[in-house]
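Below are two complexes that have chain A in common, paired first with chain B and then with chain C.
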Partner chain A sequence: MRIERRLRQPRWLLVAVPAGSLVFAFFASGLVLLATGHDALRSYRQIFDAAFLNSGALGQTLTQATPLAFTGLAAAAAFRMRLFNIGAEGQLFMGAVTADAAGLYLGGHGWPHALVIAAMVVAGCAGGAAWALIPGVLRAFFKTNEIITSLMLNYVAAYVMTYLIFNTESYWRQTTGFNASVFPTSKTLPNAAWWPAANIFPLGGGIAILAAVLIWFLYTRTRFGFEAQVLGDSPRAARYAGIRTRRKILAVMAISGAVAGVGGASQVGDFSHQLDADPNGLQKQYYGYTGIVVAALARYNPLAVVVVAFLIGALQNAGNTLQGADFPSGLVGVMQGIILFSALGGELLVRYRVRVGRALPAPEAA
Partner chain B sequence: MRGIVKHFPGVLANDHVDFEAAVGEVHALLGENGAGKSTLSNILTGLYRPDSGEILLDGEHVQFSSPRDALDVGIFMVHQHFRLVETFTVAENVVLGDHRGEGRTFRLRTRAIERRVAELSKRFGLAVDPRAPVWHLSLGEQQRVEILKALYREARILILDEPTAVLTPQEAEVLFTTLREMAADGRTVIFISHKLHEVKAVADRVTVLRGGRSIARVDAADATLRSLAALMVGREIESGRAARDRVAGEPVLELANVWADGDRGDAAIRGASLIVRRGEIVAVAGVAGNGQRELAEAVAGMRPATRGTIRIAGKTVRGGDPRSAIAAGVAYVPEDRLGTGVAPSLSIASNLALKGYRDRHASHGPLLRLRRMRERAAELIAHYRIAGAAPSSAARLLSGGNLQKVVLAREFSGKPRVLVAASPTRGLDVGAIETVHAYLREAAADGVGVLLISEDLDEILMLADRIVVMYEGAIAGETTRDDADVEEIGLLMAGGRDPRAD
Partner chain C sequence: MNNSLLVVVLASGVAYGTPLLYASLGEVLAERSGVLNLGVEGMMLVGAVMGFWAVQRVHAATGVSLALAIGVAAIAGIAMAAIHAFLVITLRASQIVSGLALTIFAGAAGLSSYLGNDLNLADNPARHHFDAIFPSSMQHWSIVGPILFGQSLLVYASWICVVAVSLYLSRTRPGLNVRAVGEAPASADAMGINVTRYRYGHTLAGGAFAGVAGATFTLSITPQWTSGITGGAGWIAIALVIFAFWRPALCLVGAYFFGALQALSPQLQAREIHLGPTELWTNSLPYVMTVVVLVFVSASGARRRLGAPASLGLPYVREER
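Right, the complex of A and B next:
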């Protein structure tokens, strides 16, 4: 059996392979369920209900999906240019810190609601972008590996956030009230800084969809996107074409970080209304890392990222609510793993074909 | 080796080559690029199987079905690019892949190996520390490790493929001494080169290959640099050269005392000066690796000049900035088509717009005009007869000839003042070569100054108005087409006019 590269990738494969991967994942998880003595169909039914149909389920799913859409977009924007920004996690934290500061300060000074929200979005962008520019500058000017630097900065950002909640001098820390004297917590935002939701649809979700459309447009319809495509495909060809490589790296890292930063602003404005209720709450969600998975499943297509984020969000939400005596607690994790595994494995079939038979002698290179 | 024939698709690399080397001699294999030297040595080391012909070792027929078979009978090759594991020590590299003696035991007996390596390096003057990790070593020392590998395995025949390419002249001298000692020790050394004075300095006998055939076998002592050059280049100048129908105008490209570093940080161009005028084709002849590629890159802004000035149409351009070179009107057909000339996974339409995407044909402010780009791609595909190409299909799916047409179409359509073409026909079939030649002539007729870099003298003689020869980063000589003396050019290319050769 041999694996060969496909010269042409038929279009139908791009649809058939992910669909097939999904079917395979459900089938394989079903086997796991049967082996552990559960009724597979009933479990799937429970998942579907918990994700979409039960009362409040859809709202919870959107709560899970919104940050994943932001971090997924952040990863997709950078990965498209083969700039491997693994730091959406930290950039989201920093965006939350700056947006929370803007919300606390401006909301407390009586600014109008719309302006406070706009300022929080801008502050989130700035915080995330600034954090992403650290690995960006290192990569552009000193050729350091952005995977390592952006990943390590995630830990730094997490500790910075924890520090800002614990430190008694901190602007972000709640210092009055009974709870605050028992355990350190962050200040609650004034009402003017709470983001509105259309029924159950959070404002952040709308911003994520808008960002997805903008990123898609940027990459497919503009000179900027053209340059990024060339640079992602062949840095030598980009230099040959007179593309300013360093500027491009900085710009793309800033965009990627800004999107993750708005994700942080949305966490604060849409959901928690404070920097973080539990000092480690946001850090336990791993939105930044799951976002990379979302982006990979969406093939770095920004519009697909939104859809995938919704589905992964639904699965996570179902997993959180269903855990209990009646439902296998590890199931959602197993399913996520199998879906990811088969989707990335399926990728191989898009790019390569498997040929069974005796190998012919390889033609010699001239 | 008798009557060796080897075909590759579209090329006859070895055409009934006869080759023999005796025990205890240094035998040089001399020929231009593409003369069939590498193919022949790859057959001798079991990498390729000949289509026909036979190999005799000590009078016995041998057949190699893999490189290991050749190793087992004591044939070892030192490649131009070393086969070393950088993080391993010298001794570890020497024993790596050896399946006899110490190399075979599960536990490495490091001490014993190191002792043996030290012994060999002392005996043959190959100074290198057996315990040093390979990445610590200079290229010259790494080459010694390769030779030690051969000695450790008790190689009877050692083939060296252009071994001096990575050496300083002093290191080369040391290498020659080692090679002579190995021959005196009863081994056979086959020395592949296209540098005449080296061949003359080290070899006992010389076999000359040209166009895939063995042309002559001579004693080095009887040969002169000039006679070797004649044998190596040895072509008749065609009488039917294209008639001169172009009139050269004002200078469009002027290089004055340009120096530039190569990829390894050493000076690859050392004080090159030349002028290309409107409407003429100036060819740079030379053996690969004498600074021609770096020269092309310097003009195209891909490589900064450390000294000297480059002027396009009278204006000095900023070195090392491709965008200002493009803006000044320099078109560049790079040697490495797939790696540099195109973005392989992007569409042909995108690749045709690779340089022009900033102008109004392809964009409107920051926005791309995708439909216009596709239309323009379709026009260019039709005009340049790029076969098998839809505007939306990926560039890497094209054949070499059609890929080159994409590059040429893009470069010409930018209305250049200067066109730098680096080995524009390498690896193309005859039909595509003719097309490329026609386009280069057309460009010159349109008033573009063409700088053609080529290792193919036939091509140069067919196209060029003037010919400059590069040797070791400098212009070794210049001649016009009408006065061109092939022997003289060959001598210049091989450093025969190099003071060191005398």
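Right, the complex of A and C next:
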């Protein structure tokens, strides 16, 4: 058996491999379930019901899918250029912090609904982009590896967010009322800063779809996207062609961070209506990291990210809902991991051709 | 004297630093061979849960069951690392995504929690755990007592590991080979070094160390199992490797420093000493300092002497060299 590089990647494989990995993951996790004495079919049935069929399940799935779409897009936008921004987690937190401030301030000052929401989106963009620009600037000017710096800043962002509520009397913290004296909480947004939803479909979901289309357009139909692609594929060729490397790195990191930041704004505006700084709340959802799973499974295609985010969001939702009962805990993480492992393994089939039976004569070991 | 802030913080810094030390030693081995494994947290958690399982289920003398538990934890870590190794070395997948996938697969919301639940491990104290090994009279010696003689066997074993890994990397032929593989796999291959075998071996060794690091939590620091018991130590260990410039001896210094920072915040609170937002800066300092060190290392002069292995994160494909 030998492996050789494909010159052309057939289109059907680009769909077949992620689909195949989903199927394989269900098989493999089923084996894990059977091996540990669980009824696999029953567990899957439970997941499916909790994700789509039970009353209110679909709305919960959308609630989970929306932040994943944002963080998935953030990862896709950066990874396409081989900028490994794994800081969507922290950028989402920072976007939530800034958007919450904007909502509290403008909503409290009687601005019209639409303007408050627009300001929250802009503030979320700014917060996320600013946080992403720290690794971006370090990478552009000092060639510091952005993988580790963006990862480290996730933790700093989480501690900052917790600090704002738990250890200070900051602008975000509720300081009056009975509950506030018992346990530290954040202020609830005024009604003018609550994002509307079309039935069960949150406004953030719509913004995510819009963002996906914009990013797709940017990367496939504009000069900027083309140059970013060249830079990702071959930095040397990009430099010879006169593409401004630093500027591109900064721009792509800012876009990636801004998208994650809107995810934070949507968390605050669509769902929690306050800054969820509890280490056991938002931070336990790992939206930033799961977003990378989503992006990788979508092969960094922004439009596919939205679809995959919905599916992974469904799985995530089922995991949250079924926690505790007679449902094996940790199964969702195991399944997500296996899905991703098989998608990664499947990449080999997309990029390379495996030929069987035509092995070259192996050189005799001396 | 022994209750002074400095001594208490240093003594618990050594204890808290030990899992960081084990995990970072393993990550140094993997990264020196060119394989970045971001799955440390996941490997640690599976090591922690399996080590704890072994100590609960094996009915034997304390020493035997603890030794067995450490062995089981190491094997569990190896099994997790094997997934990563297969994906990134054989299948040439992205090391970043695969490592993150490993943490999701094995981590607090994944396999470790599944196993802990299925094997009914929560809510019970460990049947055996690592205790301080020196007589209590020695532990009461001023200053050095609590810091040096109040520790468990795992701490002293980790010192041996530091020396062993350090000598291995700098003084033995396989150690030199693995550094060659991490810096320039094509040249190493041309020299007749089996790049694939070296990368597999050291990634798996990294898994074994991570597994033991996890077991340090469940068998020594807080001898029980709760889901997500490592609380992000795996990520600090990854930071530590950079902080230590990929050198085992510096890992020891960094591990105890980061460990002491973890111990500092509750101690300051208990003594009602206020140094600004204590929790914020003691918690984030390891991460911020790692970023600063990383910026420093990436300056061109330091990069060659102190920096990351040149081929870290890159798959090696002989046909495309």
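Just so it is clear, the second predicted complex is superposed on the first by the 344 of 366 C-alpha atoms of A that agree within 3 Å, B and C clash if a C-alpha of one lies under 4 Å from a C-alpha of the other, contacts with A are read in each partner's own complex, and residues count from 1 in each chain.
Just so it is clear, contacts are C-beta pairs under 8 Å (C-beta built on N, C-alpha and C of every residue); 3 or more make two chains touch, one makes a residue touch a chain.
No experiment lies behind these values; they were computed from the predicted model shown.
Q: Given the superposition on chain A, which partner contacts more residues in chain A: chain B or chain C?
A: Greater contact footprint in residues on chain A: C.
Q: For A:V334 in the superposed arrangement: first (chain B), second (chain C), both or neither?
A: second
Q: Looking at A:T321 after the superposition, I want to know if it touches chain B, chain C, both of them or none. Which is it: first, second, both, neither?
A: Neither partner.
Q: On the A-aligned overlay, A:S234 touches which partner chain: chain B = first, chain C = second, or both, or neither?
A: The first partner, chain B, only.
Q: Have a look at where A:L138 lands relative to chain B and chain C in the superposition and call it first, second, both or neither.
A: second
Q: Touching A:T61 in the superposition: chain B (first), chain C (second), both, neither?
A: A:T61 contacts neither chain B nor chain C.
Q: State whether A:T222 touches chain B only (first), chain C only (second), both chains, or neither.
A: Touch status of A:T222: first partner only.
Q: Touching residues of chain A toward chain B in the complex: what are they?
A: Residues 7-8, 221-227, 229-230, 233-234, 236-244, 363-364, 366.
Q: With touch defined as at the start, can you tell me which chain C residues reach chain A in the complex?
A: Contact set of chain C toward chain A: 36, 38, 83, 87, 91-94, 96-98, 100-118, 227, 232, 235, 238-239, 242, 277, 279-280, 283-284, 287-288, 290-291, 294-295, 298-299, 308, 313, 319-320.
Q: With touch defined as at the start, can you tell me which chain B residues reach chain A in the complex?
A: 8-9, 11, 13, 48, 300-302, 321-323, 325-327, 332, 334, 336, 339-346, 350, 353-355, 357-358, 363, 366-368, 370, 397
Q: Chain C touches which residues of chain A in the complex?
A: Against chain C, chain A makes touches at 4-5, 32, 36, 84, 86, 138, 142-145, 147-149, 151-153, 155-156, 159-160, 163, 167-168, 286, 289-290, 292-293, 296, 319, 328-334, 336-338, 340-341, 344-345, 347-348.
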